[in-house]
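Below is the structure I would like to discuss, written out as structure tokens.
Naming follows writing order (A, B, C and D), and every chain is counted from residue 1.
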Amino acid sequence: VETRRLEAFSDGVLAIAITLLILDVKVPAPRHGSLLAALGHEWPSYAAYVVSFLTIGIMWVNHHALFDHVRRADRALLFWNVGLLLTIAFLPFPTSVLARYVRSPAHGSAAAFVYSATLAVIGLGYLALWRHLRRHPELLAPEATQHVVVGFRRTLAGPSTYAIAAALAWVSPYLTLVLCAGLAVYFVFPGRVRPP
Amino acid sequence: VETRRLEAFSDGVLAIAITLLILDVKVPAPRHGSLLAALGHEWPSYAAYVVSFLTIGIMWVNHHALFDHVRRADRALLFWNVGLLLTIAFLPFPTSVLARYVRSPAHGSAAAFVYSATLAVIGLGYLALWRHLRRHPELLAPEATQHVVVGFRRTLAGPSTYAIAAALAWVSPYLTLVLCAGLAVYFVFPGRVRPP
Amino acid sequence: VETRRLEAFSDGVLAIAITLLILDVKVPAPRHGSLLAALGHEWPSYAAYVVSFLTIGIMWVNHHALFDHVRRADRALLFWNVGLLLTIAFLPFPTSVLARYVRSPAHGSAAAFVYSATLAVIGLGYLALWRHLRRHPELLAPEATQHVVVGFRRTLAGPSTYAIAAALAWVSPYLTLVLCAGLAVYFVFPGRVRPP
Amino acid sequence: VETRRLEAFSDGVLAIAITLLILDVKVPAPRHGSLLAALGHEWPSYAAYVVSFLTIGIMWVNHHALFDHVRRADRALLFWNVGLLLTIAFLPFPTSVLARYVRSPAHGSAAAFVYSATLAVIGLGYLALWRHLRRHPELLAPEATQHVVVGFRRTLAGPSTYAIAAALAWVSPYLTLVLCAGLAVYFVFPGRVRPP
């Protein structure tokens, strides 16, 4: 029972965070020239929207895949889950920062750094949750232990790659954006790439 | 189980997207003249709110009608569904664009074009989902296959008509608004009009 | 099954609409004088928040009480329910209008009129839903028919009283605000006042 | 059944209120200097976000722990619950006030006072709910009465400590912020500290 409610609350927060992203896409005012050109000029907002939407969507899928194996929740699991939600619900803010500054020669790298550093922190949040479950197999379904161990190794890939994306932001913010988009697509197909 | 959660998450996103629409209806400041006149002057905001609300409402009804036939979800179905939600959750933005520029002689047509082009893209998202189900009858309930084939033909009507509405925006943006409103009402009563 | 989903979607929209109300309470900037005085000066925002919150809360309670009697939903019921949600989800806008203009000597009456006229329209939406159920007893649980008939007479009280509150706005907007608050409290205790 | 819906609606409101908090974290405009410095300068927004997020998260956990013991809901319980949700859904506003003014020499204390006074009022809302349940043991599961009595004594700690935090705001707003953060962490681990 406890787990079902935990999942429903997490689903709610994820569904709201994903839908709030559109509030940061602002209607432009075409000064001279056409509205279509002004709308086209806002492409970083759409790109940031799409990447963040896909990323939260994948997080939802993975959150469910993980909790399919969980039978019981203890206080510490609740705490780690609230912590994870805290970082995911924060994502609309760095998404806005990215959309607004990615093209700025002065601030583009910093914006992309903050964006993918946030994704790395979310990845660490997942790791913390996963580590807690590995140490408390009594919370898991009996047949699940092996899955969680394998998944843990795979989950390590998340924060490390986002950390690399954050470092590459200082080379080019667009590189970070492309890398984060690629990671979202990569995590959609976890079955394709198996851990060694 | 998988499908139930998929539906709950989709319901959440649709319920939030439909309710966020009101945030784009802004309180006007009456300069000279009455508040009622200033509020009346904002009619494109209300019209856009009503059309988008009905359209998302219909989408929710149809999403449920479709998933009533689905027994299992594979990874690709999850992906197509997240893609569909991405386009629906985007709708508050073109709704704002439409509300702000539909009356503008210079930008009205572009605003209406963007609005109904978004609806056409959402329709394509449904088509993609539907096509995936047609090709994977093992995901469907046994008795559902025929329904889905018939429904597919019907679903084709959505993006094509919205594409026509987008083309007509260059004649008159009001024409597009009326056509989109009409389509929302038409899709409310799918039983009335049967495919040939 | 259909009804359970209808209720879940309605619950979602109501929960979001009620929570969005706070977004229209804006942080004031104290020019000279204390922050507490500036916050106190914003009392119409808090009053409008409380009245609208209670009103939507009551609507949620009554929506549930009504749908407890419903066994099946037809297309028309779905349509009337989407229509009702459309008017309820609209409420944050007249709430903002009321909060901003209730004190204005020029615009206070118009603001209060728009606010309680919206509530009257929501009441009419309930009536339409109720009328549909009365005419289609096959959608109801067998023992429910009598309840719905009695409830219908009671539901008539809603839009009529809000219409009176709207008319009284032209006497004083504060009168309307007090009346709407009173109605929210009155509808909390429907068992106390029985229909004749 | 009644209780299940009550919980679902409460979960919805809490999930939305917790996720809306991010909308008050605004993207800064770096005037001179780096974007990272400008983002760092916004630290009160992040601190207020984290404290409010954790606080609402704890409220969700405790709301569930309480309603686990409740078997039936009467009208008064519905009313007290809507009242509690009204105060929790209000929290994004004092969170904004705190974030904006905590550093202001003139207004910092007032902002912190308003913030923790709101938390004290939420605590009183819990107390009212709890008191109603204590007086109506027929609404509780048989084995639950003792838990609720013990919990009541514990719940008293909430509003009293937040009231102290509100008083200390006049000494230093940072003291209040630290105290509220500490309380959130303390309430995460209710098992650790037992009532005497």
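Everything that follows uses one rule, which is that a residue touches a chain if its C-beta (ideal position, glycine included) is under 8 Å from a C-beta of that chain, and two chains touch if they have at least 3 such contacts.
The structure presented is a predicted model; accordingly, all values stated were derived computationally and were not measured.
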### Message
How big is the rotation, 0 to 180°, that puts the C-alpha atoms of subunit A on those of subunit B, in steps of 5?
### Response
90
### Query
When the C-alpha atoms of subunit C and subunit D are each averaged to a single point, how far apart are the two points in Å?
26
### Query
How big is the gap, in whole Å, between where the Cα atoms of subunit B centre and where those of subunit D centre?
37
### Query
Where in subunit B do residues touch two or more other chains at once?
8, 12, 16, 20, 23
### Query
Based on which chains are in contact, what kind of graph results: line, ring, star, complete or other?
ring
### Chain-to-chain touches, reported pairwise for every pair that qualifies
A-B, A-D, B-C, C-D
### Summary
As the complex stands, subunit D meets subunit C at residues 5, 8-9, 12-13, 16-17, 20, 23, 75, 78-79, 82, 85-86, 89-90, 92-93, 96-97, 100-101, 104, 106-107, 110-111, 113-114
### Query
Which residues of subunit B touch subunit C in their complex?
7-8, 11-12, 14-16, 18-23, 25, 27, 30, 34-36, 39, 49-50, 53-54, 57, 60-61, 64, 188-189, 191
